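Note that chain A is present in both complexes that follow, paired respectively with chain B and with chain C.
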Partner chain A sequence: MKNTISKYYPLIPVFIAYLIMFLIGFSVPGMWQMVALLAFYCALGQSWNIFMGMTGYVDFGYVTFIALGTYGMSLGISYLYHFEWLGIGIIFIGILLALFLASLSALLEAFIALRLRGAYFAIACIGINEGLRYFIEGAKLWGGSEGLIFSGALMQALGREVANQLTTFWADFSVFIIAALAAFLNMHYMRSKIGYALTAVREDEDAAKVMGINTTKYKTIAFLTSGLLGAGVGAMAWGLKLGYVYPGDVFVIHYTVECIVVVLLGGAGTLMGPVVGGLIYGLSKYWLAIIMPGFQLLIFAPIIIIIIVAFPEGVIGLLKSRLRGTKYKMFIE
Partner chain B sequence: MVSSQLANRESMIFTLLAGNLAHGLLLGGVYGMATMGLSLIFGVINVVNVGHGQFIMVGAFITLTMFTALGLSPVVSIPVALILGMALGFFFFYTVMRRLIRAPELTTLLATFAIGILLEEIAKLIFGADFRGYNWGVGKITLPITTIPMSKVYAFIGSIVIALFLYFWLSKTRLGTTIRAVIEDNEGAKVCGVNVGWIYALSFAIGIGLTVMSGVLLTMFIPVGINPYMGGVYTLKAFVIAVLGGLTSPYGAFFAGLIFGLIENGAYTLFALIPGVAPFPLTISLAFWMLFFLLLVKPTGILGK
Partner chain C sequence: MSLLTLMNVTKRFGGLVAVDKVSLEIDEGELIGIVGPNGSGKTTLFNVISGVFYPEEGTITFEGRDITHLPPYKRAPLGLGRTFQISRPFSSASVRENVAIGAMFGAVAEQKTSVDDSLGMADRYIDMVGLGAYRDKAAGALTPVEKKLMEIARALAMRPKLLLMDEAMAGMNPKDIDDMVNFIRKIRDEEKIAIVSMVEHIMRAVAGFAERVIVMHQGAKLVDGKTEEALTDPRVVEIYLGQPSDQVK
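Entry: the complex of A and B
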């Protein structure tokens, strides 16, 4: 019994970090927006890391899931708001639509792209992302390039009071929930058969196959989990919170790169990594936007390059090798 | 009466299609040349240059600056772009890429993307974010089906000359065959006494040089819309073309570019006939579905075995 619980010990620092962030945002006036931004990066990093950290596959088109999640929520609200009897139910329908769209695309990608490896996989993922974006614009699907604007619809359906609460508090709060859920699932997978199978895939996929591991099945599980969590973040932090969606705004590879930067800063394939990375990245982005507006990218690009070259294992990776063999080891993963 | 109108409409569509295909063939040649650098770099050091389009943007700004500030023809910019591009290539190789030769995709993709962002932001700092263009009046030729500006013809000829030059350099000279040996099998080349480290550096620099040079040819072809963020779409097109050509083969990339140009313009003409859709994004979308399909059925490319 002790064993089953102690294998989840590394979750403790992660949950404490999220709790502290939440409490600071909730109690200190004016801090909620910043904490929400940090939670957004932590959640995305954590979700992206589930697939990449365990398999070594780089999903460069991850933003597809976030974008489809946003579209799911947007479609739910903009096409169903006039059914008054649905009430708050349209939010849940929106979430379900987000998960449905994301799992559809995740399964398609898993079926086709997961047969590819390395650079080919990354290119295929970028291809799907751009193909979807331009298809929505070209076929004038779901509002085409004009997108969907539904903040008015949300207010009409639920009333100004409830709509305001949803967009200013519950949307951000659910990002915290998703971040915690992602950490738990990550830990759970790491300590289960799935984790061992995927570690084998990461080390040597052909050998794993020969040993009788159904690599495609486990890769698909991790890919789907990662994609669905991303869709959840998109539905809440972009769809519900902002009240509009444009294809040119959501299908942007830069957001995938932000996920990668968050994960790499903290330490790829670690549990604490995305939290630490999300905090460092979110805080420095917020701070740079205040002191040097317009120059964030110019400063970030060389910093990213230096980090890749000098500390490819990230903060937690460094810490892990420092704490190896001490009693704190079991809290760090 | 109705049937003659219909026949008239059909012949109009045919002329339009033929004219657009002629433009597409010329553009395809430039596209092909613009992808050779990507394929060369992937072939030699196994790195997908996600910042590819941003190097094309550098070439575009070189052309623009030489033309507007110094009054020099874009033809002069071609060697200048090659030299500056190779210098940039050596710089980024020795500062960044050299340490990432055996690194996982995660770091190489992120590093090249960061280099792309850096170039974009520096260009924005120097030139501002406006769309710019220039007018190189060298006349045009009129064919029965369409009118083609001479600048586009020069860009096409330039691309073919550069592609042929690269072909002979890679197949006939000692250095070129060494590079091909490293693409085939770098361990084997090392055993045969090839200084692989230097070949990596040189190939990366030539790849970047070719890419920056292709920026000059692309702006000869499309002399408007030059701005720091123009590169992204070319990166994505280059991916499609490179995969079509087999990803490691510069020649494959050139022929794939020709095919891509024809498909792009042909599909655009046909999509424009469908009411209620936006033909331009739909054409780009088609390119990516094509990429996806190709990766599935023939990841070795059109010239692959």
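Entry: the complex of A and C
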């Protein structure tokens, strides 16, 4: 039994980091927005890393899931707000819709795109993302290019007080929950058969098949998990928090690139990596936007290039290889 | 009933017939050497048996079950293990994890083991191939000979009934070859499994371990028989050494 628990020790530093972030945001006035932004990057990095870190497949279309999650929440609120008896239930319906849309798209994408490898997989995912965006705009689905604006509907359904609390606190708080859940699932997968199967897939997919591994099944599990967590982040941090959704705002590859940067900075395939990467990326983006507004991307690009060239394994990857053989090893994954 | 039966199996790549109407039977516990020059279709034959490619014609049956179009990950748990010509370790994982992956996914359904049990079981096979000192080393950091041994341990951990070894002795020095020959005989006797090992041209090795030899030539089965007879067969001598000069005249 002790053995089973000790396998999950690497979660301790991750949860401590999230707890400290939460406490700082909660107690220091004016810090909540920044902490929420950091939690957003950590959660996205962690979710994206479950698929990419374990399988080595780079999903450039990841933002599709975040966008569909946003739409799920938006649809739930926009179309159901006048059923007063639902009350706070519309938020849960919104979450369910977000998960439903994301799993539908994840399974379809898994069926089509997961047959491809390397750059072809990445391109197929981008194609699906762009296709979906223009489909929503062209077919005038869900408000078409004008999107859905539902902050008013939310207030009407739940009252100003509750709606304010939801958008200013609970939406951000749930991002923390998703980040923690993503870390737990990541850890759990790493220590179970799924993790071993996906290690084999990442290293040599054809050899993995000959070893008796149903590669499609395990890839789909990781893809679906990663997508559903992303949809959760979208539903909360974009949908519920902002109160509107436009296709041109959410189906943006830029956010996938941010996930990639977060994960690579921290260390792909590690548990702690996305947290460290999310903190480095979020803080420096926030800070650069203050001291040099408008120039942050120009400065950030070379910094990222230097870090990735200098530490290709990311901060945690480097730390892991340094700690190999020491007693701290069991806390870092 | 034989363990593995191939009936008129043909595999083409475009216009090239890589495996040409090959029929063969393998019984339980047999030690078979497959020899043949470069390009004679040995590796393709292995790939067709393990399911990497499906044949265009013919049928493959394993323990009486038709597996001709079964995907590779479903063949492995039936009892089909293999190693590769160029070793394909899961490089970033440790030797122990590599072997445990074989135990976890390759065994028949009722013998499937949990992660912990598989890691424990892996140790036995790592010791068997003599890599005990390297069990926590990353598989990618092993020497080529160690990688071959690791692959054998990984395949044995699947507890196969038939083990296909693709060029187990390529690139080894004579001492390593002798060790490997003895080792192949040993695992056959201890694990009671059939082993088919493919060897391109190291006849000394084939004569050392094989009880039966199948000679491939241009995709087809040329000779199939007892080791001594097969290796001295004039047709076999011819494909390796050419015709005796007095016949050319």
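In this section, the second predicted complex is superposed on the first by the 333 of 333 C-alpha atoms of A that agree within 3 Å, B and C clash if a C-alpha of one lies under 4 Å from a C-alpha of the other, contacts with A are read in each partner's own complex, and residues count from 1 in each chain.
Here, a residue touches a chain if its C-beta (ideal position, glycine included) is under 8 Å from a C-beta of that chain, and two chains touch if they have at least 3 such contacts.
Treat the numbers as computed from the prediction; the structure is a model and nothing was measured.
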Checklist entry - Overlaying on chain A: chain B and chain C, fit or clash? => result fit
Checklist entry - Of the partners chain B and chain C, which touch A:G118 in the superposed model: first, second, both, neither? => result first
Next on the checklist: If we overlay the two complexes on their shared chain A, which of chain B and chain C does A:G159 touch? Say first, second, both or neither.
Outcome noted: neither
Next on the checklist: Contacts for A:K209 in the overlay, against chain B (first) and chain C (second): which applies, first, second, both or neither?
Outcome noted: second
Checklist entry - Taking C-alpha centres, what angle do chain B and chain C open up at chain A, rounded to the nearest 10 degrees? => result 80
Next on the checklist: With both structures fitted on chain A, tell me whether chain B or chain C touches more of chain A's residues.
Outcome noted: B
Next on the checklist: Touch test for A:Y134: chain B only (first), chain C only (second), both, or neither?
Outcome noted: first
Checklist entry - Thinking of the overlay built on chain A, is A:I305 touched by chain B (first), by chain C (second), by both, or by neither? => result first
Next on the checklist: Looking at A:G87 after the superposition, I want to know if it touches chain B, chain C, both of them or none. Which is it: first, second, both, neither?
Outcome noted: neither
Checklist outcome for this item: Shortest Cα gap between chain B and chain C in the overlay, whole Å, is 10
Checklist entry - So which positions on chain A get touched by both chain B and chain C? => result none
Item to check | Touching residues (chain side chain A, partner chain B) in the complex | outcome: 52, 56, 58, 60, 112-113, 115-116, 118-120, 122-124, 126-128, 130-135, 137-140, 144-145, 253, 257, 260-261, 264, 268, 295, 297-298, 300-302, 304-305, 308-309, 312
Checklist outcome for this item: Contacts from chain A onto chain C in the complex sit at residues 3, 191-193, 196-197, 199-200, 202-204, 206-215
Checklist entry - What residues on chain C touch chain A, complex-wise? => result 50-52, 71-77, 82, 84, 88-93, 97, 100-102, 104-107, 115-116, 154, 158
Item to check | Touching residues (chain side chain B, partner chain A) in the complex | outcome: 42, 46-48, 50, 95-96, 99-100, 103-107, 109-111, 113-115, 117-118, 120-122, 125, 232, 236, 239-240, 243, 247, 271, 276-285, 287-289, 291-292, 295-296, 299
